[in-house]
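Please find one structure pasted underneath; my questions will follow.
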Amino acid sequence: MQQSMRCEPAPNILLMPETNQNSQLPLKVSELCFSVAQKQLVSDFNLELNTQGLTAIMGPNGAGKSLLLRLLHGLLQADSGGIEWNRQSLDIKTRQAQAMVFQKPVLLRRSVAANIDFVLQHCQTTSRKSRREILEEAGLYEQHEQPARLLSGGEQQRLALARALATAPKILFLDEPTASIDPSTTRQIEHWLERIRESGVKLIMVTHDIGQARRLASDVVFMHRGRLLEHTNAKVFFDTPKSSQAQAYLSGELVV
Amino acid sequence: MQQSMRCEPAPNILLMPETNQNSQLPLKVSELCFSVAQKQLVSDFNLELNTQGLTAIMGPNGAGKSLLLRLLHGLLQADSGGIEWNRQSLDIKTRQAQAMVFQKPVLLRRSVAANIDFVLQHCQTTSRKSRREILEEAGLYEQHEQPARLLSGGEQQRLALARALATAPKILFLDEPTASIDPSTTRQIEHWLERIRESGVKLIMVTHDIGQARRLASDVVFMHRGRLLEHTNAKVFFDTPKSSQAQAYLSGELVV
Amino acid sequence: LQSTTSTANSGLYDYLLPLFEKDTRVKVNVVAVGTGQAIKNAQNCDGDVLLVHAKAAEEKFIAEGYGVERFDVMYNDFIFVGPPGDPANIRNLRQAVGGLKKIAESESIFLSRGDNSGTHKKELSLWKYAGLDPVVASGTWYRETGSGMGATLNVAVEMNAYAMTDRGTWISFGNRQDFEILLSGDKDLFNQYGVMMVNPERCDKMNMQSAKTFIDWILSDKGQGLIANYQLQGQQLFFPNAK
Amino acid sequence: MQEFSSSFGLAFNLLISFDADLLEIIGLSLRVSLIAVVIAAIIGFPLGASIAVMRFPGRQVVDILLNALMGLPPVVVGLLVYMMISRAGPLGWLNILYSPTAMIIAQIILIVPIVAALTRQLIEDLHREYDEQFRSLCLPMSRVIPALIWDARYSLLTVVLAGFGRAIAEVGAVIIVGGNINHLTRMMTTSIALETSKGNLALALALGLVLLLLSLSINAAVYALRASAKHLAYA
Amino acid sequence: MQEFSSSFGLAFNLLISFDADLLEIIGLSLRVSLIAVVIAAIIGFPLGASIAVMRFPGRQVVDILLNALMGLPPVVVGLLVYMMISRAGPLGWLNILYSPTAMIIAQIILIVPIVAALTRQLIEDLHREYDEQFRSLCLPMSRVIPALIWDARYSLLTVVLAGFGRAIAEVGAVIIVGGNINHLTRMMTTSIALETSKGNLALALALGLVLLLLSLSINAAVYALRASAKHLAYA
């Protein structure tokens, strides 16, 4: 952890309209297990991701979606099983190309601007976007002097998302990034995400918003009680879910 | 704050099917202003609520919805203007009949069960529901020994909601209570809320979920930049919103 | 028993008291503090017997009615210690006053306790006798430690400085290094210890009986004999002189 | 420098010799400091938490005063207690001067501000998170304060250890009110001071090492206790 | 008890008389303690934060040791420093024994464990929240630690004040390495000890009151500073 990270310049969306191969893929997860205090929270998880685009992770509360993201990102240590990004184990270099927006935004006890500066400083190449551009995009420039932790719930989520994007990752984990964001900003963020996806960034997103997943996802991972139940093309998943749990989840019925 | 609160026994839903007059209403808000550091965050707010049922508060991020709830609940002190619950100013007795589910659940650093016990102890009449019943209703009984702050995001929200209900309030403020809850549990919670509403509890809920508001709300308060733009019957609001901001909000366009 | 530190540090009580307790079945608790504090504590009735060495202060204590009657117990003498190099060249002097003059002239570092203790008062009276006022040089060559004898000696040894101490403390002192006694034997350096009982009329809770027993015992032939017998490193520390 | 090395040997000898006098002194040191710190926590936790939580006029003054009292000089505390309980003092009839009780009282006075001020800080940080939830529940202070103390319990252990460190190392106050009387009120620190004044520096240092070992074992015990309890229902 | 009341009068007189000697002593006390506490914070903050943040084998032992060192007896510190810098000691050539420098060094050794242990606790509590975010950003320790210290800065002020309290009130160590030499190394606490040993209890107490007033004003200044800065970008 001693060596400092160099961020690649933010992918210029206008110059890179075509999908280019993401150097971090494929992701291969094999027999992943994670438990806390004898409780098996993620069990026998096998997954292969080589699609570009956005992978949606869905499943009822407590299914283990957030845990899975943290395992894939290397924040948690699995009990057993392997995670390989482009045939590399999860080392510091792999991790530096990733970023994550947490379910609960973790904001520094500083101003909004300082929260952005904090990650910008960390990137040694001058990112093409300035702090001001980033904040304007997130609709927070007006509040840049305000303590970040006094922002409204939705504003905090926006700031966390903007901060993650400022690191110009190749892989971006999103844990319910629009949960408390108003409908129009949600739309706007979805457009952002589409553009980012098109610039070759792999997005892995947890969401409970079925409409959103339909709009954005190219494939869906459905989890239940720590297990993978389905991993299919998005269209197939939403039209003809196989497992009864997924059917119940999508129809808004109680998933047991 | 020295005197301890006596909770009324939890309204028995089966015995009180009819709407009975809520002793806390009407709510009358006049010329309410709230500012922090010269910034006017809630301005000239006038509102009268005497309807039973669920009032939805809607508006874009940062509109001041959470601030409004906290003002109505007496957690924040307004700069000027008045709040009257049933012609009473906001005193300790009025507040004891209220409960609030915060946008970010605040859970004690204790087990799930202890979080419920904490409010049950506080209610001196034995609430009709036991801790176990409450947790089973919230689908958290399995996890009752787990540290509450290690629950998943959705589970935390459920716990916070269950805890607020355990105090058997007459007025319940809900700040985006289903933001990170899965679709089926959301449905289940909506059913809960309907039953509670029918037992005579007044619900005041902030939500960004238009479908949810349509299903539950009897009237809608639409806020924008700290001001009240509309307060009408829910059907009227969703079918023919008057202000351009509300129109934009509902259609998912950018609200400026 | 409120006592000076010098007698306590010399180990005299550790030697005497078990014998006394065996003789009389009276238990003695020693509070060893500076002479000034000891007198103050005794004035507050926080002790039954006072054993110190500052004759003027003791007589004042009696005169003001805090104590009953003062007895001489024993004496020893003060000495001047210093580095073997002896920069002020006082080694062969007979007179304390002469030594002080030489020290002042050469501005050799001299350490004073500066704490109003019996030793300090003695030292000041010697300076006065020599017609000198060292306090004007305070902080330069004349340095007041404001501490007990042991601490002052520690500093003196470290600073290669002169100091005046009672012989008992010096003999029992553990950190002498290469220091030597450079001047002693002057009759001006006589160090008298006195013992007295606090006034039972002022202090109603005191153990008058025990206090009497102790004073009688230490002034008795047996007590005095034991004091004479107490030796450290082959040297007698205190010389009994009860009348 | 030979003192330096010889004191290690001395400390070792002291320890293995199980000298009865030494054990007595160690016992008294532990007894006085532990009792003082427990009582100081019983007073200091609610006091600090109250100041953190309550809003009353003059709260800032109390806050500043409490912080300043962390710098209460032990000798001054010793003198104050001495004046109170000396036979000439108002509490002279208690007859506790030069007793372990007096030393415990002096140490409590010394430690309470430390425990209370540090508790105030920790609880204030926690309360920032809980405040609105508690006010929403209309909780009386009598429930808020214990709840905060309980939820901060693992962090507060460090506060107690800071208080204990101060107590076990303290000499200025206990020597005045205890008198450093052999077999009655002689503690580790007063012995160290005594040996220093006798010029027995190596022995003094050896005693210091023993004292350090003592607080090391207390700390290790507390740490083990905390570790075994911590994974239960806490995050 | 008449000392008790007279000492208030005395303290007042001392203060308004602007006695040159007293001012010198106050100045030295402040200088030594403030320098010591600043240096201790410069060492103790990163040290405590590192222990809070880093995971290395033996971390628990370091943790326990640090907590135990809060109970470092001043006299022992004094002796250790004394042995190091005495003429016979390895650092004797520095020639700093019985100088303010020596007192500062002793106080630093005394305070660093306090600052570091309390910092560890506070930073650990904060780090629990930030940990995953920082690891997600792959931040090197050289950025994590300053960031945590900065974000905990208002809470850490109380830690510094605890250290300052210890320093300004401390007598055992400074009297050994400073020698309490008049006009050279005499501080408030050593004067108090001296007046006590002289039996001038009222004067000693009066000096104690002056000292308390001193730390009260330092604390009030810090409080004002914090209050004026706090509403800027912090929550």
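Every chain is named by a letter (A, B, C, D and E) in the order it is written, and numbering of its residues begins at 1.
As a convention for this text, contacts are C-beta pairs under 8 Å (C-beta built on N, C-alpha and C of every residue); 3 or more make two chains touch, one makes a residue touch a chain.
A quick note: this is a predicted structure, and the numbers were derived from the prediction, not measured.
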Set of chains adjacent to subunit A and to subunit D: B, E
Set of chains whose contacts include both subunit E and subunit B: A, D
By number of C-beta contact pairs, the top two chains: D-E
Separation of mean Cα positions, subunit B and subunit A [Å, integer]: 30
Approximate Å spacing (C-alpha centroids) for the pair subunit D, subunit E: 17
Inter-chain centre distance, subunit A versus subunit E - centres from mean C-alpha coordinates, in Å: 47
Shared-contact residues (touching 2 or more other chains) in subunit B: 150
Of all residues in subunit E, the ones touching two or more other chains: 88, 176, 193, 196, 201
Multi-partner residues of subunit C (at least 2 other chains): 41, 148, 151, 154
All chain pairs that touch each other: A-B, A-E, B-D, C-D, C-E, D-E
Footprint of subunit D on subunit B - complex, ascending: 1-5, 70, 73-75, 92, 95-96, 98-100, 102, 106, 108-111, 114, 118-119, 122, 145-150, 167
Interfacial residue positions of subunit C with respect to subunit E in the complex: 33-41, 114-117, 138-139, 143-148, 151, 154-155, 158-160, 177
Of all residues in subunit B, those that touch subunit A in their complex: 36, 59-62, 65-66, 103-104, 143, 150-155, 158, 175-176, 179-188, 208, 210, 248-255
Residues of subunit D that touch subunit C when the two form their complex: 86-89, 92, 95, 97-98, 179-182, 184, 194, 196-201, 203
Touching residues (chain side subunit E, partner subunit A) in the complex: 129-130, 132-133, 135-143, 147, 150-151, 233-235
